[in-house]
Amino acid sequence: MSPPAAESTNVSGWFEGMRHLYPVRVYYEDTDAAGIVYHANYLRFAERARTEMMRCLGTEHRSLMHSDGVAFAVRSLDTEFFQPARLDDPLTVETRVDKVGGASMHLTQSVFGAADSTNPLVLMRVRLACIDGDLRPARLPGAVRAALTDLTQEQ
Amino acid sequence: MSPPAAESTNVSGWFEGMRHLYPVRVYYEDTDAAGIVYHANYLRFAERARTEMMRCLGTEHRSLMHSDGVAFAVRSLDTEFFQPARLDDPLTVETRVDKVGGASMHLTQSVFGAADSTNPLVLMRVRLACIDGDLRPARLPGAVRAALTDLTQEQ
Amino acid sequence: MSPPAAESTNVSGWFEGMRHLYPVRVYYEDTDAAGIVYHANYLRFAERARTEMMRCLGTEHRSLMHSDGVAFAVRSLDTEFFQPARLDDPLTVETRVDKVGGASMHLTQSVFGAADSTNPLVLMRVRLACIDGDLRPARLPGAVRAALTDLTQEQ
Amino acid sequence: MSPPAAESTNVSGWFEGMRHLYPVRVYYEDTDAAGIVYHANYLRFAERARTEMMRCLGTEHRSLMHSDGVAFAVRSLDTEFFQPARLDDPLTVETRVDKVGGASMHLTQSVFGAADSTNPLVLMRVRLACIDGDLRPARLPGAVRAALTDLTQEQ
């Protein structure tokens, strides 16, 4: 009579080589009166994908904050919107780690529709800073930095 | 080198008897400065769960609108908030169909945390109307009504 | 060449007798692919209006938390959606205080369009609890309670 | 006994020379569990400010769509996040028109806190396209283009 353990059923996406892939479905909440996904909501999709990539690497926001006293903050975000997505569309967010520094990282995140896996609908270049509880720059915890750096090495 | 077909990897939840279960993960976007999920966001979770329950039954919003010319609108919503959810929490939204009318349906939707499958964090009683493109009441398409009615029959 | 002091230019609404009135404009972010305001967003409008009513009474969330160690949490919310609002619509949220207890309050909040000041588009009955930093029930600070109680006395 | 005409009480901001200024208040809905404004929400603030700048110039989204058959879509958005804003903060969004083309425009939008009118918290460079109902590039209506072009002429 009980719901299944939710822990096991949420989607964290998966890695394909160095790329992390994360599926997103478009709901009414994501769309606007123009009938398409409201532009700011792609940033929410990207943040979900980053969170799940970190979870795939063994790290959660809350444990990062509690055990290491750090969090990630978006410092800059360059976004190009090529094509719109619509209600009910199944999307995939691809995340690549471009560069990892002592207290920051650079990612490229692309949102793909189901019909075209070459040309993204939206392309984002994101720079994240590692910060402490007072929002000041902090060093990336060693294990996190190592795991992220591994993802920058093309094999 | 291409992302996998997104179609197959999105989560639509599943039925357990008459109950539809849908997993949701709490992201930063869902929380507020009190450190918990912002109350209005449970309504977004519930709408995602309703959408996926309909998809499990073979119906999508967009095709409903295009082929039948109808959509669902929330008419009333009674919500009780018992316990807060927090960042990174895995949640499950349980949806039950209480009653199906000619142009409406009544659902009960409960949001559960991972630790307790008996006492929901949030409980919603939702009345939905079937409407046409001019936002006027419309009859539920026969197949949809039949599928929903099946879910009200306790076995 | 500097922007004017933002402090003085934000809208906090105003009282008309016992009713607090707060104007809201509908932007793209508030709408969905059905061309109307997404239902959960009326809860955001209502929370803005409650916040501004409290500000009119001399209280801000942040100072409440810092000096009194308390915040407000929504405990229950009964909502009826009568008519939709659309992009660019100017709305007014009316807030009435129905009852004030030692650690809770009951409000009625109505969202009106520009054309009809009698029949609300949306009607919400809200029960709020005063909670402390551990999310436990806490007594309303005396000055806040007195100010809110004044608003329940029809003159 | 009726609410005042909402039309007249919403804030559209104002021009100071070539700059449009628009006040925004930070509510719980805008913040996240880190205690600061969720990064994607600055894009919502910016879109509200653009909408109100257009309204100051005599144009509304809905009438643009109905009478001219066009709308604006964000094509690219470069954003830098310098300092966080917090709950209850009064902000000002400054919008400048950098360039107006036949079917596009470039804006710079800066979000300022109350304490510092020189260094923005967030800086956005936005490229907007004018599109028709099929989401294809369309020429800016003449009156809109003329009004926007006026704003690019430093006096």
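As written, the chains take the letters A, B, C and D, and residue 1 is the first residue of each chain.
Heads up, the rule we're going with is that a residue touches a chain if its C-beta (ideal position, glycine included) is under 8 Å from a C-beta of that chain, and two chains touch if they have at least 3 such contacts.
As the structure is a prediction and not an experimental result, all values here were calculated from the model.
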## Note on the structure
A correct list of chains touching both chain A and chain D reads B, C
### Query
Same or different: do the copies chain A and chain B touch each other through matching residue numbers, with over half of them shared?
same
### Query
What whole-Å value do you get for the distance between chain B and chain D if each is reduced to the mean of its CA atoms?
33
### Message
I'd like the Å distance between the centres of chain C and chain D, where a centre is the mean of that chain's Cα atoms.
### Response
25
### Query
Got the chain A residues that touch at least 2 other chains?
28-29, 34, 36, 40, 44, 47, 86-87
### Task
Answer with line, ring, star, complete or other to describe the graph linking chains that touch.
complete
### Task
Name, in rising order, each residue of chain A that touches chain B in their complex.
2-7, 9-11, 16, 21, 23-25, 27-29, 44, 47-48, 51-52, 60-62, 86-88, 90-92, 94, 112-114, 117-118
### Query
Taking the complex as given, what residues does chain D use to touch chain B?
28-29, 31-36, 38, 40, 86-87
### Task
Could you pull out which chain C residues touch chain B in their complex?
34, 36, 39-41, 43-44, 47, 71, 73-81, 84, 135
